[in-house]
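Right after this note come the structures.
Common to both upcoming complexes is chain A, partnered first by chain B, then by chain C.
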Partner chain A sequence: MATLNINLQFSGGMELLFDNQKSINVQIPSTFSDKAVEKHATNMRDLIAWTAENLVQERPELFLGNDGSVRSGILVLVNDADWELEGELEYEVQDGDEIVFISTLHGG
Partner chain B sequence: MPSKPLKNPCNLCQSVRAILKRPKTGQQLCKECFFHVFETEIHNTIVDNKLFKRGDRVAIGASGGKDSTVLAYVLKLLNDRYDYGLDLMLLSIDEGITGYRDDSLETVKRNRDQYQIPLLIVSYKELYGWSMDDIVKEIGRKNNCTFCGVFRRQALDRGAIMLNVDHIVTGHNADDIAETVLMNILRGDLPRLQRCTSIITNDTSEDSSGIETSKVLRSKPFKYTYEKEIVMYAYFKKLDYFSTECIYSPNAYRGHARVFLKDLEQVRRTSIVDIIHSGEALSASVVANTTTKLPTLTTCTRCGYISSNALCKACLLLEGLNRGLPQLGVGHSAKIRRQHEERQRDSGTSTPLPTSSSPVVGGEESTVLAATVTLPSSTSSVDTGNAQTKDGLDYEAKVVVTHMKDLETRIGQLQMPSLHST
Partner chain C sequence: MESPSIETLTARLSQLEQQNEALRQEVAALRLEQKTYSQHKVDSNANGLDHATLLSEAETPFEKVTKLTNPEIARYGRQLILPGFGIQGQLDLRNCSMLIVGAGGLGAPCALYLGAAGVGRLGIVDHDTVDISNLHRQVIHNEARQGMSKAESAALSVRLINPHCKVVAHDLVLDSSNAQPIINSYDIIIDATDNAATRYLLNDACILGGKPLVSGSALRFDGQLTIYNYRGGPCYRCLFPTPPPAETVTNCSDGGVMGVVPGVIGCLQALEAIKIAAKINESDVPTMTIFSANASTMFRTIKLRKRKPDCIMCGDAPTITKLIDYVRFCGASATDKTPDLFLIPMKERMTVEEYKHIKDENAPHLLLDVREKVQFDICSLPSSLNIPLKDLSKQIDQVKDQLRGQSQLPIYVVCRRGNDSQPAARLLQEQGVTTGEIRDIVGGLDRWADKIDPEFPKY
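Right, the complex of A and B next:
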């Protein structure tokens, strides 16, 4: 099965959910399929679900929000750009991508 | 060969790829244009509101968290760029919370060296004779945020007096202020609503039970700055900040208000500013329609701090702690305070506290305090062990549970169009 090499980074307190790891290299499948959608190239929605399932040690509700997205207040960057410019959940993840999750919920 | 069209060009310079979509405007900006716009807006806030005047000594309330770290960085930068002529200092409060504040203070010390700004740390233990660890050991976790909030506001003021500053700036951002507005509306706390929306005040207390004013001004240069942009700015500038939750303060109420606001923002981009405007509009109408007489200000009979009562709030809390009656001053403080004062009057005595437990104010004594002023070391150590934390969560824990349900039911009122100023 083809896979994608992705670097995930966590900061702003987000790393607390990931065993205090600030950077994790992962291999994820290059395609996903579910009941609703046929086999499709891996997108951010898949990556977030995969991350929650495989990497979040406890309390996934602190990572996951509604509609398959991250919880409100978590900023996401794709290759150092705001994911809001990249299509958010629909962005197709590419081999070698660097995805950053920053919590803004951990006070100031 | 024609060059490939640029993906997501910056709306301002058109020549570089955008890295941020602005929450306020939806505008997409490249890194350099974002830095410029972010810094310029804060400069404009400072100038438009006449926050400072040349020669002011300004203390930056520094927690080591994202907001105050970015504030220290940006204020130093703007002070140099626009020649404000300010004397900047970092002022940190050590609440005495092992595993939390000690770590964040390390971040502040690195900021001192990185930004070359002198730092004063004042501790609860030194000021009041009690650290938060001590207090929690004594009273448990239930009302400890009340103590912490009251002590922090006064401690900041006392730190400011020790530093002889004219002005304290804090990192409260637009999202924080919108949350506070929301919570104060839900609690029906109009006096506090008014204070939380003012960009500049001379009140130290955001507590409706007693206004404590100060000669030291306080302001919030980030009043119109979005949290997302502060965090993105810190990320792209690689600023060193601290991020864990206070171990004693899960802060459920604010947490819910916060998540709720973020969710609102998803469907209505302008929610944050709308709510701040609502808060301003409501406070303006409260001011116009009420003849609330301000409490006569006097000074605390024990510590000399400005207070509207015989005992200032910190001394009242300390009195309770030192007598093993920690509920004194917590909750309906006006009533308990009255009872306490009546008892004191009846018995004709005022139990003096050990001097180590009385806050020290002004005069010679304050300089004797073991507070540590430290100057930046010239070698700047850059450490990326980041973490951040929220302090300054100034509301009383007791209301959390009772009003939690109101959050959902009263939310509709916030959307009333008449509350939105244009």
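Right, the complex of A and C next:
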């Protein structure tokens, strides 16, 4: 099965959910399929679900939202750009992508 | 009696002279501070300004100038000769008014630099008072000002550096009832606050008032900087339409913060505000700057989305047209104080006095401290077992090991403030680790220090 090499990064406290790792290199399948959607190229929705299932060490509710996205207060970057510019959940993950999950900070 | 040698006397004398000189300097510094402070009070009173009319002071359009005075030219010389800034940049700054909300870790360096740089009018909002635990990062305040209003203390420090800057101290809690007129009376707003509710409030008030918002935040070793509502860029709600669940928000007093980190971000906020005022480096690409003191790349600037046309606040058809109740919206109070948790009824818990009694009686028990190890290392009660709350379910066997052969041993759970000890006690009850009682200590070690042992450190 073809795979994609992805670099995942965590900052702003997100790393606490990932055993304090700020950067994790992962290999994920290049296609996913589930009941609702037929086999399709891996997108951000798949990556987030995969990350929650395989990497989150504790309290997944601090990572996942209720719509297949991340919870509110987490900003996602695809190759140093706001993922909103790339299509958010529908963005098709590419081999070599750098995906960053940042928890927004409120302290001061 | 043996008389002291001449060397000892000379050394002691020189030591006393040095102490005397240090005291003289401190007296002189405090005199200047006192004079500046009382002069400002006299000015305020002479103009009929009291607390309630401070707002009208901020609302009066302040006088703009077309040229700088000689003392100003002498003061700002190093900026005036800067290509790309120059006399026009300095005049723009002089004719600009800025409001810093929060005189804490971010606001402290921000206010110092903006005041020193020559902003014409600088408002400072804070409702809190100076506390010793602020001083490692809030470098605008000092020891002598413990208990003083932070807004007043910050204003005083700026006046001591630069009397040309007109500083207005707003000693109040900013909320939806008072924010709009204050925001409207300044040109640029700086978000140096410490909680989500005030961040949404400032965002909405800046959209309604048409003001750019220079927003900074910091926690632990990380900081973030963004300009909202500026040159087609997004607002806070475009990025974060719904507030984060309250339990995911960590404040500095629980999460910790390296003092320099908000210092770095606060300085960057001052810089961005100056760039907006002096109209330099006007980019149309909205960005967020992320500072990670511990990462190999300390700074990274990322490209952000533009204003979202469907944003309920700044979009083409906004549905929010006036300020709302932000404390309710965020489900969290507009301070960074940690609220008390009431998970377990009081009568099933234990007071510090009751625990003192148990210790005095030498009654057998297990004391479980569920703070993080980094906090346990600062101070702990004798013979307590440390398992942090987040590890407790994984390490429940460690607790069971302690109870081997004494299955009825009572367990008392303690933490810093009596919040984490409650879910921990619940967990132990659910797991049935002992047949004896399981209770947690109300108010935690903080209250132990307050009520039982004044020698016990508080942090």
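Here, the second predicted complex is superposed on the first by the 104 of 108 C-alpha atoms of A that agree within 3 Å, B and C clash if a C-alpha of one lies under 4 Å from a C-alpha of the other, contacts with A are read in each partner's own complex, and residues count from 1 in each chain.
To be clear about the criterion, a residue touches a chain if its C-beta (ideal position, glycine included) is under 8 Å from a C-beta of that chain, and two chains touch if they have at least 3 such contacts.
Please read all numbers here as calculations on a predicted model, not as lab measurements.
Engineer: Applying the touch criterion given at the start, work out whether A:Leu89 contacts chain B, chain C, both or neither, answering first, second, both or neither.
Structural biologist: Neither partner.
Engineer: Per the contact definition in the header, classify A:Ala81: touching chain B only (first), chain C only (second), both, or neither.
Structural biologist: A:Ala81 sits against chain B and chain C alike.
Engineer: State whether A:Gly12 touches chain B only (first), chain C only (second), both chains, or neither.
Structural biologist: both
Engineer: One more residue to check, A:Thr104. First (chain B), second (chain C), both or neither?
Structural biologist: Once the two structures are laid over each other on A, A:Thr104 reaches both partners.
Engineer: Looking at the overlay, does A:Gly73 come into contact with chain B only (first), chain C only (second), both, or neither?
Structural biologist: both
Engineer: Using the touch definition from the top, say if A:Leu62 reaches chain B (first), chain C (second), both or neither.
Structural biologist: second
Engineer: Identify the overlap between the chain B-contacting and the chain C-contacting residues of chain A.
Structural biologist: Correct list for chain A: 11-13, 22, 71-73, 75, 77, 80-82, 84-85, 100, 102-108.
Engineer: Note which residues of chain A are touching chain B in the complex, please.
Structural biologist: 11-13, 16, 22, 71-73, 75, 77, 80-82, 84-85, 100, 102-108
Engineer: Taking the complex as given, what residues does chain A use to touch chain C?
Structural biologist: 11-13, 22, 58, 62, 71-73, 75, 77, 80-82, 84-85, 100, 102-108
Engineer: Which residues, counting only chain C, touch chain A once they are in their complex?
Structural biologist: Residues of chain C touching chain A: 102, 104-107, 192-196, 199, 216-220, 222-224, 239-245, 248-252, 255, 257, 262, 288, 290, 292, 294-295, 300, 302-305, 308, 336, 390.
Engineer: How about chain B: which of its residues touch chain A in the complex?
Structural biologist: 8, 17-21, 28, 63, 65-68, 171, 173, 175-176, 227-228, 230-232, 235, 243-246, 255, 258-259, 262-263, 265-266, 386-391, 393
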